[in-house]
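There's a structure below that I have some questions on.
Residue numbering begins at 1 within each chain, and the chains themselves are lettered A, B, C and D in the order written.
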Amino acid sequence: MIFFDNVTKSYPGGHRGLSDIDLHIEPAEMVFLTGHSGAGKSTLLKLIGLLERSTRGQVRVGGRNLTRLKKRQIPFHRREVGMIFQDHRLLHDRTVFDNVAMPLVVAGVGHSETSRRVRAALDKVSLLGKEKAYPVTLSGGEQQRVGIARAVVSKPPVVLADEPTGNLDPDLSREIMGLFDQFNQVGVTLLIATHDLDLISTLNKRVLTLDKGRLAQDRPAIAC
Amino acid sequence: MRSKRQRKSAHLSRRRRLHPHVWLLRHLQVALSSLGRLARAPFSTLMTSAVIGISLALPAGLHLLLQNVQALSGSWDGAATISLFLHRETTAREAGELARDLGLRAGIGSVRLIERDNALEEFQRFSGFSDALRALGENPLPAVIVVEPTADHSTPGAAESMLSSLRTLRQVELAQLDLQWVRRFHAITDIARRAIAVLATLLGLAVMLIVVNTIRLEIQNRHAEIEITKLIGGTNAFIRRPFLYAGLWYGLFGGLLAWFLVVLGIGLLDPPVARLAGLYQSTFELSGMDYPAFLILIGGSTLLGLGGSWLAVGRHLSEIEPS
Amino acid sequence: MRSKRQRKSAHLSRRRRLHPHVWLLRHLQVALSSLGRLARAPFSTLMTSAVIGISLALPAGLHLLLQNVQALSGSWDGAATISLFLHRETTAREAGELARDLGLRAGIGSVRLIERDNALEEFQRFSGFSDALRALGENPLPAVIVVEPTADHSTPGAAESMLSSLRTLRQVELAQLDLQWVRRFHAITDIARRAIAVLATLLGLAVMLIVVNTIRLEIQNRHAEIEITKLIGGTNAFIRRPFLYAGLWYGLFGGLLAWFLVVLGIGLLDPPVARLAGLYQSTFELSGMDYPAFLILIGGSTLLGLGGSWLAVGRHLSEIEPS
Amino acid sequence: MIFFDNVTKSYPGGHRGLSDIDLHIEPAEMVFLTGHSGAGKSTLLKLIGLLERSTRGQVRVGGRNLTRLKKRQIPFHRREVGMIFQDHRLLHDRTVFDNVAMPLVVAGVGHSETSRRVRAALDKVSLLGKEKAYPVTLSGGEQQRVGIARAVVSKPPVVLADEPTGNLDPDLSREIMGLFDQFNQVGVTLLIATHDLDLISTLNKRVLTLDKGRLAQDRPAIAC
């Protein structure tokens, strides 16, 4: 599903965010990404979501060569990649419902269909009661879950999450990971950057470790 | 692999084509929702529209005034006229006959006879030296026949040749092609028209700039929204649309306000103009804006608004990229 | 406990008072840094200034034109004049003597004698009926003495009583108080002045609105910055200051641009005006803006900018609170 | 230093963020605040920083009664309370240096003094090299540290931190906590909201636990 072929990302100023990454993630795989602060986790996710372009090497997602993708095709690529951020990136002047509905509105999904799917997504993250609330009135954890609902509402084949549990208490973190596992069960490919090594250790998933922009370790899930 | 990739990318492009019905519906939705957004910030919307309205009201109002002045002086603005000053010995009857004969000539559109007494009256009114002339006792003025050539004989050349033929008439002491007032009047309206054109250009530009600026600031203002919309796969067209409609609405409201201000301005100017007309014993009234002018004002304003937002959107939307 | 709390809160307030020298230095810094911010977005700054400039250039330019027209017609605008039409039999010498006598009378400022031939000439030029009058052969016009009362005898009442005393002079056939042209001219300039006043008010308002709107959008734009500044303990005065200076700069630049546009406009209007003046055998030239008018334009514009940003800041800054 | 006297905070809509909190934090104490997502941790910190006002009860900080503080005195109160946020709250159009300098500029500190203190603060969080960088070019952990530098640069007597290590890897988290400990040593009162129970357990500090807006537990530091 996701291929990195000798990918290097240099930021303006010469700083290397990623160096010579080779990587292959199968469809419907769930993979954790760890590494110290500044290791390049966010950079790797950004390359997949086309928030940045690789300096060298090829990134392919779902058969699309991102290196060659034209500018006007980027939106259509992003519709197939759900993204969850450390800082939520919610719109503070829109209700929870409207925030979650955005990917569907952008894709031109009809009104009743949108309503149905948004409710289903909010239900999954246990926020159905906060539909009409504004993000500022939510706690950090609740905002994070709104972001997750938004990322999955349009059922994208790939979901990227950048430290989705950084601001959550341990119980909620486990719950969210369970949620990701559920998505994974129905065939979604997930790539999750996290610092929470304890949590990872309780889940039997593939773990990639970055170190100063290089892939230091690739520990596969132990087949059961 | 390659062919699969190509299929996929073709698929990506295909999703952009929509059924025209759906397309129209979406545009309508965006137009209304952008209107709703403006309505939710009524003060700001009113301000932008007011600035546009005032800017457009000026050239429109001045143009209307110029038209009024030209209407007032409709007779001067027509074809050149030839004044035939008859010998003072010519009797009123002879003068009348001559006028009738001239009316039948080819190339002559209309003929007006001003008899000696009327000539004095008109001259007095025109010059303002009424009492002075009355003091002369005897009427020094001859009768005058004012000949207006038809349109095809009004060119300088044709008028000149008609002049020389009329000059040979027995009863005519002096024939004069009356272009001087027309020239002066044209010089004045020329200045006015030039000034108004400069003004209209400047203010049209100003309206553009206002809209560009407003939309630009609004784009910066909705930075977060644009960034997030791009992040979740919104196309540029999708993001652009509400801004374009906002520009269109600003233009439309501005145009309507400009029209209203012109109507108001005419209302304010009417009393002093009536007073002035009174001094000239005239019953002249300012005429308002007609329907085509109204449409041009509103249409032009809307286009300026749309054009302005188009410029702003083109320049500034691509600057915002998510990171 | 209580007294300790009070002491603490007094301490908090005391920290706000600064040494005037430091205060001035800080203001200067903010003024310059807000200027720097404008310079870093030259397109936007130029646009806002351009809109303000155009809006102010209009009434300023029109006012200047009106002044020019009034200068052109300086003689009409003076005191009322009395025209004494002498009997046609009066000789040139008699007329000259009368004029000299009149010049010595109390209440009479100046006296001008128009002899019969000159009267005809002037009359011809004035009426435009030159050829017609020439055709009369004999000069029908009397000599005229134009008497201008001194300023204190120019009131309608005093002028009327002077008129009746002059009317009794032996040589005078007809005495006429010449107010008609003055009245007409005043009616016209009255319209113009009223229109310009309406315009100046509208456009002054527009400038205010533009600045309010620009600063309002800028405040929204710098939402995050304001929020964070409040979060780390920035006072309202601290946050307000750069916006006020931005308004001031916008006003100043707009005023300078308006002045430039007026100079440009005068330059553009000069050729047709010269042409028109040529038709009247005049060497009239448009005069530019003088120094006090320049200062009023710039000062007023700056004040409008500052006032506009004050309004915007008052309304919108308190809406932003960190959370 | 910080007193809560029967404090309740109800949000518009009737939702209770905090209920009947009684609390006393001594000067130069370092206190952790934990609890599930939505327990009211952020709300408690906001009351101290006057980002919200209590609905009932009294909050006093450094002898000031916040309930009675006039609006125009709020800025001066905030200058004595350094705040660190989950989402950093940096200005993205200013360099790291300018971001950190803000509290000093606001307080009218002179140029050279500002420069000296900003550099000292950046040195403490090991970011002296990134002085001229813009926040977007920093990793999440680096941005967090900029936020910390900004909070302490003006040497406020009280520092509040809302999940300062949520986005950091375990090593960096420990490092940051060490940093807070250093501030504490020099007399700063610290109140830190966090989910990282493991980290807390390694440090011998007082821990407050909130549960649905109520103070559920107040475990004092064991005196050594």
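Going forward, a contact is a pair of C-beta atoms (placed from the backbone, for glycine too) under 8 Å apart; a residue touches a chain by one contact, two chains touch by 3 or more.
Since the structure is predicted, the reported quantities are computational estimates derived from the model, not experimental observations.
**Student:** Averaging only over C-alpha atoms, locate the centres of chain C and chain D and give their separation in whole Å.
**Tutor:** 60
**Student:** When the C-alpha atoms of chain A and chain D are each averaged to a single point, how far apart are the two points in Å?
**Tutor:** It comes to 29 Å between the two C-alpha centres.
**Student:** Measure off the straight-line distance from the CA centroid of chain A to the CA centroid of chain C, and report it in whole Å.
**Tutor:** 65
**Student:** For chain C, jot down the residues that touch at least 2 other chains.
**Tutor:** Within chain C, the residues that touch at least two other chains are 323.
**Student:** Quick one: which residues in chain D touch 2 or more of the other chains?
**Tutor:** In chain D, nothing touches at least two other chains.
**Student:** Classify the chain contact graph as line, ring, star, complete or other.
**Tutor:** ring
**Student:** Between which chains does touch occur?
**Tutor:** Once each pair is checked, the touching ones are A-B, A-D, B-C, C-D.
**Student:** Can you check the complex and tell me which residues of chain A touch chain D?
**Tutor:** Residues 11, 13, 15, 34-39, 42, 86-88, 137, 139-142, 163, 166-173, 195, 197-198 of chain A touch chain D in their complex.
**Student:** Mind listing the chain B positions that touch chain C in their complex?
**Tutor:** Answer in residue numbers: 44, 47-48, 50-51, 54-55, 57-58, 83, 85, 123, 126-129, 131-132, 135-136, 138, 140-142, 144, 173-174, 176, 180-181, 183-184, 187-188, 190-191, 194-195, 198-199, 202-203, 205-206, 209-210, 212-214, 216-218, 220-221, 261, 265, 268-269, 272-273, 275-276, 279-280.
**Student:** Write out the stretch or stretches of chain B touching chain A in their complex.
**Tutor:** Residues of chain B touching chain A: 1, 4-5, 8-9, 12-13, 15-16, 18, 22, 26, 224-225, 227-236, 238, 321-323.
**Student:** Where on chain A is chain B touching in the complex?
**Tutor:** Residues of chain A touching chain B: 46, 49, 51-52, 62-65, 69, 72-73, 75-79, 83, 89-92, 102-103, 106-108, 150.
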